[in-house]
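Read from first to last, the chains carry the letters A, B, C, D and E; within each, the first residue is number 1.
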Amino acid sequence: MSGDLAGILPEIVVAGGGLLLLVLPRVRAPRLLGLITLAFLAAAFDLKLLAWSARPFPQSLFYGLLKEDGFSLFFQLLILVSIGFVTLSIMGYGRQEVKARRELYALLLLTTVGLMLVVGAQHLALVYVGLETISLFSYLLTGFLKRESLSAEGALKYFLFGSLASGVLLYGISLLYGLTGTMDLPGLADRLTPVMAQAHWAASISLLFLLVGLSFKVALVPFHMWAPDAYEGAPTPVAAFLSLGPKLAGFALLVRVFLVGISPQLGLWPDLLVLLSILTMTVGNLAALAQTNVKRLLAYSSIAQAGTMAIGLAVATPMGLTATLYYLLAYLLMNVGAFVGVIAVGNAGGREDLGAFSGLSRKEPLLAAMIAVSFLSLAGIPPMAGFFAKLWIFGAALKANAVGLAVVAAVNSVVALFYYMKVVKAMYLDPPTAGAPAIPRSRSLGLALGLCTVGLFAVGLWPGIWLTLSANALPFPLPAGRFP
Amino acid sequence: MAFLARHLLSLIVFLPLAAGLAILFIPKERDRWIQAAANGATLLVLILTGWLALHFQPQAPGFQWEEAVPWIGPIHAWYHLGLDGISLPLVFLTALLSFLAAVASTTIPERRKEFFFLYLLLESGMLGTFLALDLFLFYIFWEVVLVPMYFLIGIWGGPRREYAAIKFFLYTLAGSVFMLLSILTCYLRSPAHSFSIPELIGKGLQLGPAAQWWVFLGFFLAFAIKVPIFPFHTWLPDAHVEAPAPISVLLAGVLLKMGGYGFLRISFPLLPHVAIGFSLIMGILGLINIVYGALVAMAQSDFKKLVAYSSVSHMGFVLLGLSALNLTGFNGAALEMFNHGMITGGMFLLVGILYDRTHTRELDAFGGLGAKIPVYGGLLSFFALASLGLPGLSGFVSEFLALLGCFPTHPAITIASASGLVVGAAYFLLMLQRILLGPLKPQWSGLPDAGRREIFTLVPLMIFILWIGLYPRCILALQTPALTNLLFRLGGNIGW
Amino acid sequence: MFAMSPGNPSIGPLDLAARAAFYGVACATLIGAAITVTARNLFRAALGLALALFGVAVLYLFLEAEFLAVSQLLIYVGAILTLIIFGVMLTAQIASPTQPRFNRQAGISLALALAVGLGLGWIFLTSGWPSPSPKEPPPAPVPLSALGRSLISIYLLPFELLSILLLGTLVGAIVIARKEKDPE
Amino acid sequence: MIVPLPQLLAVSAGLFAIGLFGALTRKNAIGILMSIELILNSANLNLVAFNRIWGEPSGLGQVMALFVIGTAAGGAVVGLALILTIFRHRQTISADEIKLLKG
Amino acid sequence: MCLVVTVVGWLIMLYSIGYMGGDPRFSRFFAYLSLFFFAMLTLVLAGDLLLLYIGWEGVGLCSYLLISFWFEKPAAANAGKKAFLTTRVGDLGLLAGILLIAKRAGDLSLTNLAAKGAALGGWAPAAALLIFWGAAGKSAQFPLHVWLPDAMEGPTPVSALIHAATMVAAGVYLVARTLPLFLPNPNALLAVATIGGITSFFAATIACTQTDLKRILAYSTISQLGFMMMGLGAGSAFAGIFHLVTHAWFKALLFLGAGSVIHAVHHQDVTRMGGLWRSMPVTALTFTVAAIAMAGIPPLSGFWSKEEILRRLAGSGPPFLILGLSIAFLTAFYITRAVVLTFAGKPHVIPANAHPHESPLVMTIPLILLMLGAIGIGFIGTEFAGHRFQHFLGIETGAAHQEHGPAWIQLAAIGVAVGGIALAILRYGLGRQLAPARVRGSLSWAYRIVSNKYYIDELYDRLIIRPVLALARSAFSFDAGVIDGAVNETGNAGLALSRVKGWIDQRIVDGAVNAAAAAVGRTGAALRLIQTGLVQNYLLIAAAGTLTLFAVLRWLS
């Protein structure tokens, strides 16, 4: 038991941080809250790094409910980094009533616990409780801008949609349990093979429900419709969080459940994922074209990006999965960059539409350049990380002979370019709006953007390191010589 | 020094970028410094490439000044640069036009710091594209060109700049995305398992005939959009017209060549069977480009648009030469790229000079300027004549070689294409007539003639145009061995 | 004999009575559910939900899960439903007779729900449900103590996570729902 | 006591379908919340029933059902908090009037 | 040829100093002229078709530059463009021919052409005709001759040099050069001869009707070029080249003389001239000598070369001979007409304020020198000079020497020349001045017709002049209306076509892209509509999506 507790020490640290923030006496300086949060996150990050270096893998904890392997560590590190970025962006957020609330930071840390546990979960009970934790806290965070009715509206829609989705997920779990008698992922994998033959449709339905529940988390089309509304209503840092945390967890679980737990040979999950990813990319990109609110645009963009990432899972090869992991890393950096840009611009006048970005390059050349780097990376322009991420995905699809998928993805990346460039165009080509308020300086936002920019180039120009990292994080041993 | 000599190509590629970054740190008020830095950097690159050209050994096999460093370990992508006879003229062209256009960029009115940063980034990208020997690196440079170009058109362009910029960006990206898929397929389906172009060529691809066609088409789309080949050309008039003059120079002078270069460097040697099968289509497309481009150019009333469409027509000769599948044709195609860069680059500079003075490009707004600004008139006539393929000037040599090369392969197409020469003459003469001849309009009575700086930007081009027109061997000798190699691979007619 | 083997011979009268009771409870549950989704009056819908929840609790009893039945009553009916009724009263939208009960997509939703229900039912009735070992006697119901033990041993992690969840939701809900007095 | 599994599952399927219908059609946000509770209950019914079949010593199904009840409580709290907030802003909790965010 | 170019060219340059004096672009004129010499000499001295082609295009360029030298005049600008374009059409043929030869024969040098012809095999006639096509463009042969009359918009020395003496002869030179290609192919030769004949006759008739002095000369040039082509078509390079040389002299002289006149009276209309011999005797003298030379009166140069061609034509068959003779007749007629109208008679319609005077020495000296040439140059090709020219050319001397045509050809040639001159004098020199009765009286040899003088007038008028005039008129109108029109219409049609293409470009090609983009955009907008903001719509879509996924799953398995 003590070994188990030692294994989840980082999670305990984070949870402790969250609880500490709850019981902390009222703190006037939001920066202090942020720094405390960051300190706990950094501690957990450090411990996770320690765990990474202190192999052997994998370790099974808590009666096999939790698995500490390269995969979960990879995701946990990504989660910690993204929550760190979110914290930084909260610290730079202009809305005092949001960022001064210690409950916000506490909830963020508690959500982090849920996220970290979920990505290592080997048991559907833990998966369910973990997902519920993430979801419920996400709803709350979305509604945190309580003076704005839009925030509550977004949160409510998110909540209603999410509750139904988790009901469906739960129903799927219950059926799966009925068919196999277990919720243990490895055990499930063993017992499902005969069941698929015996009760094909019941098993199919249960897995389909599972897929739907997870697709909601990742916001795959047609389970994406909450996302734009929630993103737009949420405080921008929370929108950034929504585009990262739940997505990371969702992808981790999709891999854990569908690629490892249920082998792709069972059933037609890869085909369904192909369908979902095509739909998601296309709908996400097309819908994003018509947007003028940058936050909403980014919501659709992150839907489309998730669709692209799903290709790596759909082809169900080591290369594909590696590509998805790399993509997640790149996506984290560029999406944070984009959202931080929205926050910085929104801080000036509260506007988050394209017009607010007009002429930014003349007023704030450095800020504009960094935002542009993020958007160009999202569009997949080399040598930023986003390009390489797309590249691996295309490569994985081609390698798996899914040429059609690769072509659809390629066409989509062209469509996507158009709306990403709308933002860049506004910043660089449009004249500044007369009388627009100056953008307040924020060190934390600058730090976050700077880190993202540097990271995008670092991941882009030396992709080999990160590719190897992703490949090492695969949840199954890499077949020798098959990569890439 | 030895280190520099060993990394000469890298130096050439990244020198502009370094200078561009340095320019970002020059205070905005020091405009002369900014201009001087840009001029200096481009001049230095020009000197270095000139040195390369002088020390290039045409007969030596393979690539020269090659550099290869592992870059992305897991996928065997290398940082691999090298120079051969196909790339050398284009590299030199890039360096020359970049320098001249930088000198001509004094007319850019505002945001000059950003302009020159992007400009130098663009130069790095273009040089890198021509020097990269690794498909992956090639693609990166290829894309790197797009971004600064987007901004250069979008920020400093004409009234419809935003439309033109995004159109250019979307078109080219659409093409290059498919090229990326093709590159990946090559990589995945080659026993070489590498992105290195020589290695891929050496070991071949393991692809069925149909798949080879698809891969070829992927490359083709990217290159066709860049060249541009009908019907993928519609970005070109917009982009050329809206771009500021120095950028139009690079756009027409260098960027279009990237497509033709891609055929010679990648598509043809990598997929020889398809290249042979594609020859007829290529020839027909070349014909369409020539005739169609010329006819549309004739209908233009906008000076710049006319020159832009003339590029479409001229690039048709490149295609014609490529479709020939023999040494003469290839020589013609490669030379036409070089020549067209010089000639059209000069034309766009001239358009810019006139536009700076008059702020109009309507051909009918001019007239009789030949008497008012004779130096300009002379320069314009010179470039127009070079462009319409007057023998003795470089344009003729390459067009003739392309026709000559294509003739045995596709006689009918060649003859039909030759009619483009007549139409070409027609619209250029019409243009000259509308600008220079006829009575002088009163509003231009105060028009100053071409200044020293402007003449300075044009004279080097004229020297080259004349030199190559009279003594084309100087370039042909450089590229012939490399093209011969390529033809060996294609099994084409080397003797012709 | 539990389980579904069709030709089970030993069906005694007691079984029959139990079975009748089961069907009754099942019907009550479904009717409660139906009231929940159809009642125009929201308060009545809440009562329907109570009926359904109660019915489910009785079904738990049938399944020899007494602790769960009690928990259902305590937590669901006792707490959650009360909360919901509070919500109904706070938002003062108990009934609005002028408004239609359903939104405009009722028809298609009905078709969809029917398809789902019938499809699920058909699949459940036709699937061969596995059983661990058909020849052995049915496993004994899980004793409460085992349940308790596994909650603090095997399932400690989700259990603790659940506590974090509840704590967090309470705090968060208070923050969000509380009327803002001081702009902290 | 003997309860045939298929019939039980049918009840759960019925609850699920009714809940789904309610979630799709109830105009009132609280009504949707209640419908979702029905769905959760249908799943719980499954869990307990299957637990009875498999007779696992750890009582996984029942434990899971307890977790579900717990999370449902949390969900109801969150949901009601959000509904109250939106009611404060808009004086309505009718799902087809909450549509400022769209497009 | 080279000598012709340099010597005649030198004289014309000298003349130009006077003619162009005072022009603001004096220096540029001479720059262009020098460039022309460079190109022309390249053309002439080229030992290789490609180099020849370079010179060929070069002279075309200079021609363009010089025709539109006074570019402020729209007519001049148009004429230059027309010249360049029309010859470009011809160049196309030449280029194709070069390509063909290059492909089939391997190299492009002008040596061993006969062997090349053999190597070309069945392609030889095609190659020959393509080359002829090119030559036709440059030498203004039917139907590509339309540019030459317009080219008279250029300064007169230019007309003399380029459009009379040298450049237009380049086509003849080319055909002569490549004659070995033609020789084995009778059909090719026939084509050359036929085209040449048609052109020549056609142009000659037109020349009879023109009133613009330079245009008369221009049509005469066309006619003479056609005549040369006929000579070549008859298979004799010598005949063509010989006439080319003589023609260069007298036609240059004619043009310079005309230039001198125009310089003096400032217009070009012969009907408004007359009696100019008084005020400008040198010009009148030289012009008249040149005219006589051209008309073919021995012993002036034109006679010898013309006779040579006619003799050759006799070998080609009677139709060609008759055609040749009639051309010779017409030539004599129209050139005399021009002389008579310009110089003879009283100065009757000159504008009152104009005082024509003789041109300066720098202009008249070249005239005189050219006159000497026009008189004497013919001898180099005759028996009297021992066929020096044939030896000089080094081509087919033997054949030319031995094969003497019948003597009546010489006589006929003289006859038609004299006839033409006489007729012209009759009609223009005397007919105008004298009353009809005096005409009857003065012409004793027409005594029998005296009583029927009206009939003779009628006959002349009806049978010769009217039909000729009508023919000429119709030919001119054909030229102006149909062919020129066709060229113009082609131009217009091309323009229209290119406009259509521009439209296609914008609407169809670009349109397709834009339409695709618009479709994408509309889909995006439609997707916005789906996102209604109603959460239950979202749920419904999600549920329907799940069902669909299930259906897909069933369908797949």
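We adopt the following convention: a residue touches a chain if its C-beta (ideal position, glycine included) is under 8 Å from a C-beta of that chain, and two chains touch if they have at least 3 such contacts.
Values in this document were obtained by computation on a predicted structure and should not be read as measured data.
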In contact with chain A and with chain D at once: which chains are those? Just list them. C, E
Chain nearest the overall C-alpha centroid of the shown protein atoms: B
Chain C and chain D have mean C-alpha positions lying a whole-number Å distance apart equal to 7
Determine the centre-to-centre distance between chain D and chain E, using the mean Cα coordinates as centres, and give it in whole Å. 98
Rounded to the nearest Å, the gap separating the Cα centres of chain B and chain C is 72
How many angstrom lie between the centres of chain A and chain C, each centre taken as the mean Cα position? 32
Among the residues of chain D, which ones contact at least 2 other chains? 16, 19-20, 23-25, 32-33, 44, 49, 51, 53-54, 56, 60, 63, 67, 71, 74-75, 78, 81-83, 85, 95-96, 98, 100-103
Residues of chain C touching at least two other chains: 103, 105, 109, 112, 116, 120, 124, 129, 132, 154-155, 158, 162, 165, 169, 172-173, 176
Going through chain B residue by residue, note those that touch at least 2 other chains and give them in order. none
Chains touch in the following pairs A-B, A-C, A-D, A-E, B-E, C-D, C-E, D-E
Would you mind writing out the residues of chain E in touch with chain A in their complex? 520-521, 523-525, 527-528, 531, 533, 535, 537-539, 541-542, 544-546, 549-550, 552-553, 556-557
Would you tell me which residues of chain B are touching chain A in their complex? 71-75, 111, 114, 139-140, 143-144, 146-147, 150-151, 154-155, 161-162, 165-166, 169-170, 173-174, 177-178, 180-181, 184-185, 187-188, 214
Considering the complex alone, what residue numbers of chain E touch chain D? 528, 531-536, 539-540, 543
Interface with chain E, chain D side, in the complex: residues 20, 23-25, 32, 95-96, 98-103
Help me check something: in the complex, which residues belonging to chain E touch chain C? 534, 536-537, 540, 543-544, 547, 550
